[in-house]
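In the two complexes that follow, chain A is the common piece, with chain B as its partner first and chain C second.
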Partner chain A sequence: MHIVDGALSVPVLAGGAALAIAGVAVGLKKMDYDHLPQVGILSAAFFIASYIHLPIGFSSVHLILNGLIGLALGWAAFPALLVALLLQAVFFGFGGFLVLGVNTLNIALPAVLVYGLCRGGIVSSSPKVAATWGAVGGAGAVAITTVMVAASLALSGEAFLLAAKATLIAHIPVMIVEGFVTGAAVLLIRKVKPEFLNLSEEWEGG
Partner chain B sequence: MVNQLIKALPRCFKGLFVLVPVILLSSPFVFAHNVVGGVYALGSLIEGEAGFSNGDMAKPGTAVKILDSNGALIAETSTDEEGIFSYQATRRIDHHFLLDLSSGHVLKLVLPADELPENLSSEAKSVAQTAVPSVDKTLSGSDARIDSEKLQQMIEKAVAKQVKPLRKELSAYKEKASLQDVLGGLGYIFGLCGIGIWIRQRKQEQDLKDKQRQEQARATVS
Partner chain C sequence: MPQFLEHSGSSWKGQRLKHEPSWIDTLDPRIRVASAFVFALIVVLSNDFGVLITGLFASLLLAKLARLNVKRTLRRVIAMDMFMIFLIVMLPFTTPGEALFSVAGYPASLEGLLHALRITLKANAVVLMLLSIVGTMSATTLGHAMARLKVPDKLVHLLLFTVRYLDVIGQEYKRMRRAMQARAFVLRSNSHTWRSMGYLIGMLLIRSLERSERIVDAMKCRGYKGQFYLMDNTVLARQDYSYMVICALFFSVLLALNFV
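After this line comes the complex of A and B, so read on.
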């Protein structure tokens, strides 16, 4: 998921940075400052998630969690993810500083899209429907991110279809795990702490 | 409610356990992780390896471009099954190694000139020419010089061999983030949140004060 420095051309870097700044600006404007601690918690969750590699068979995957972050935060996902990605670059050496904008865009924009698409689903009164939409959101966000990563590489000269196919196939296990985790998380949060997903206003409870 | 969740979990897990191994076995791709690698000089032979931070090595046949410090291509080689590549240096210059491990994972490695043996010249010379001096000396008959030169080469090779695993371990250690890093990052995030909340708090208090003042002003007017 993290593109490293040196893989992208300058126009792609600049474009990504500009769009990421715009996204962060919208996020900061739309963010409900009463939910600031929640933004921090999810930012921290993302920061840690990439560090913890879950062993599956002979390889390992790490969660991305951008679907869950999107469902919970909406546009505020942009600032939350920017901070987390910056700190990952500083502490873990994931990605890099020049590609920070592109990486933020690639991970945060799918989160916002998922918020738009699946938000209606997770407020459904049926837990099954909500969990399904949560899973779709979790897996979908990873899929969109993958396509965006491939597109960034394609704009820098790599063959798009080849890159997209390779990254997409490589991330199928991540999508499955991510979908499962996000679905379960939505189910659990709905029961235990509906206000964490900002459900209290729209949802009467079941 | 919670019972339903608990009941649903095993079913989901079962599906996961069946699906994931099937996909993993059918896709020999590496996942998004950091790229790591290193180059080491064994005498004039440069050996390098490339892979991912989770222990997977680079795919066999990954192209390795070798450039000089001006960016001019010196040679090209490729990785073997274990992600290892090697190159016989003919010049004592900085060697830059460039690998593209696909999906935005590029790796740049540098072997500084001073790690290469001193008997290699920094100029572009053919291998035969660099070998000439030792032949000359054989003819001139100063056996002691040859022996000491050969000995030096042998020592260099032996030391390089001994140090190689240590270097590998060190580079792996450098890549590994420690608990301090994790805690430090979390601290930053919570600290930023704290600052945000503090600023907000101040603003709210200011607003409140302004309101009170306005009300007081209104009260005095009326």
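After this line comes the complex of A and C, so read on.
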């Protein structure tokens, strides 16, 4: 999912950075100090997810969790993911420095989109419907991210087209696993602590 | 990607430094962050091989000076290279141009090969530089440096919180996995496994949130009102100025090489 420094063209880098800064600004505005711990936890969860490996078929994939982060945070997903990606780049050499903007945009924008699309579904009174929407959100976020990664590559040069297509195909198993995991996580969180998904305390469901 | 090449988040202690002390630790963190940024900017925007190779050598030199753990650094750099391996391997075959050699009937072009080489050089130079001059400071110091560089307060707070929770969540995750193993849960490729892991992640988040709420309450009880005080010394010392001069000279040389 992370693109390294040097691969993308300058307009893509600059455009990605500008949009990411705008997203982070909106996110910071919508996030108050009382929510900081929750945002921090999800930011850390993204980091940890990258070393949770789940088997699928003969191989294994690691979780991304940007769908779940989006469902819980909305716009605050932007600052949360920027911080996680910055820490990964600086302390683990994941990705790079100047592509931070593009990487943040590619992972956080799908999270926000999923929030907009699936939010209505996960507050449904039927747990089955909610879990399904959670799964759609989890798989959908990975799908959009993959398309955006492929697009950033394709926009940087036609020579990248094949690699972009390969990225798309390689991530189908990730989408399947992510869908199951996010669906189950939504189901559990709804039951145990609905405030986590910003559902009010009087909310009746599940 | 093979699992042994992945980073292990557990090897990182966040607030505690785990590397040999070197002169780089004596430099002001703001200058380290700023110089890494300028270096990345110059290297990524350059296309001249002289610049890129000089940049990579400078990174290697700094990695040596910063006394990075060779094995750990190598693993991280290789893991980063694995991210883009397909991209780099495919490039010679997808870039149109003069054919250099061919594999199984597909011609590889010189232009594509050079492009692939350039990406590899840039990515490695930037990552090595980051690991040696920014990655060697504690995450808390990084947060403070960012605050001094006028990064929005909330973002800095978020960074500091995240660093704290990384440890907490990582340990909690291991604890819950062990509990599952004790109940004979084995990871398999089926929906039961994925669903159980989903429940695990849900529970993990909830437990961490409840914990964080207690932390915030404790902080409020001690007078926290949305501000951390930066108490570290921010006066630039002599070695900072010498480092700045060296950086300025080196960056000018890199820029000049582009136009030779």
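In this text, the second predicted complex is superposed on the first by the 183 of 206 C-alpha atoms of A that agree within 3 Å, B and C clash if a C-alpha of one lies under 4 Å from a C-alpha of the other, contacts with A are read in each partner's own complex, and residues count from 1 in each chain.
The criterion applied here is as follows: a residue touches a chain if its C-beta (ideal position, glycine included) is under 8 Å from a C-beta of that chain, and two chains touch if they have at least 3 such contacts.
Quick caveat, the model's predicted, so the values are computed rather than measured.
Superposition of the two structures on chain A leads chain B and chain C into a clash.
When the two structures are aligned on the shared chain, A:182 is found in touch with chain C, with no touch to chain B. Using the contact criterion defined above for the overlaid structures, shared-chain residue A:6 touches chain B and also reaches chain C. With both structures placed on the common chain, the touch criterion links A:152 to chain B but leaves chain C unconnected. For chain A, the partner touching the most residues, choosing from chain B and chain C, is C. In the superposition on chain A, contact of A:36 is made with both chain B and chain C.
By the touch criterion defined above, A:171 reaches chain B but does not reach chain C. Contact with chain B, but none with chain C, is seen for A:127 once the two complexes are overlaid on the shared chain.
By the touch criterion defined above, A:84 lies against chain B and chain C together after alignment on the C-alpha atoms of chain A.
Of the two partner chains, both chain B and chain C are touched by A:51. Shared-chain residue A:98: touches chain C; no touch with chain B.
Of the candidate stretches 94-102, 112-120, 130-138 or 148-156 in chain B, only 94-102 runs into chain C once the two complexes are overlaid on chain A. Residues 2-4, 6-7, 33, 36-37, 39-40, 43-44, 47-48, 51, 53, 56-57, 60, 62, 83-84, 87, 90-94, 153, 163, 166, 177, 180, 183-184, 187-188 of chain A lie at the contact with chain B in one complex and at the contact with chain C in the other. The residues of chain A lying in touch with chain C in their complex are 2-7, 10, 13, 24, 28, 31, 33-34, 36-45, 47-57, 60, 62-63, 65, 68, 72, 79-80, 82-84, 86-87, 89-98, 153, 158-163, 166, 177, 180-189, 192-193, 196.
By the touch criterion given at the top, residues 3, 6-10, 12, 36-37, 40-41, 43-45, 73, 76-77, 79-80, 83-84, 86-87, 90-91, 93-96, 112, 115, 118-123, 126-128, 130-131, 134-135, 139, 142, 152, 154-155, 157-159, 161-166, 168-170, 173, 187-189, 191, 193-199, 201-206, 208-210, 212-213, 215-216, 226 of chain C touch chain A in their complex. By the touch rule above, chain B contacts chain A in their complex via residues 1-2, 4-5, 8-9, 12, 16, 19-21, 23-25, 27, 29-35, 54, 56, 102-106, 108, 175, 177, 181-182, 184-186, 188-190, 192-193, 196-197, 200.
Interface residues of chain A, counted against chain B in their complex, comprise 1-4, 6-8, 33, 36-37, 39-40, 43-44, 47-48, 51, 53, 56-62, 83-84, 87-88, 90-94, 127, 131, 149-150, 152-153, 163, 166-167, 169-174, 176-177, 180, 183-184, 187-188, 191.
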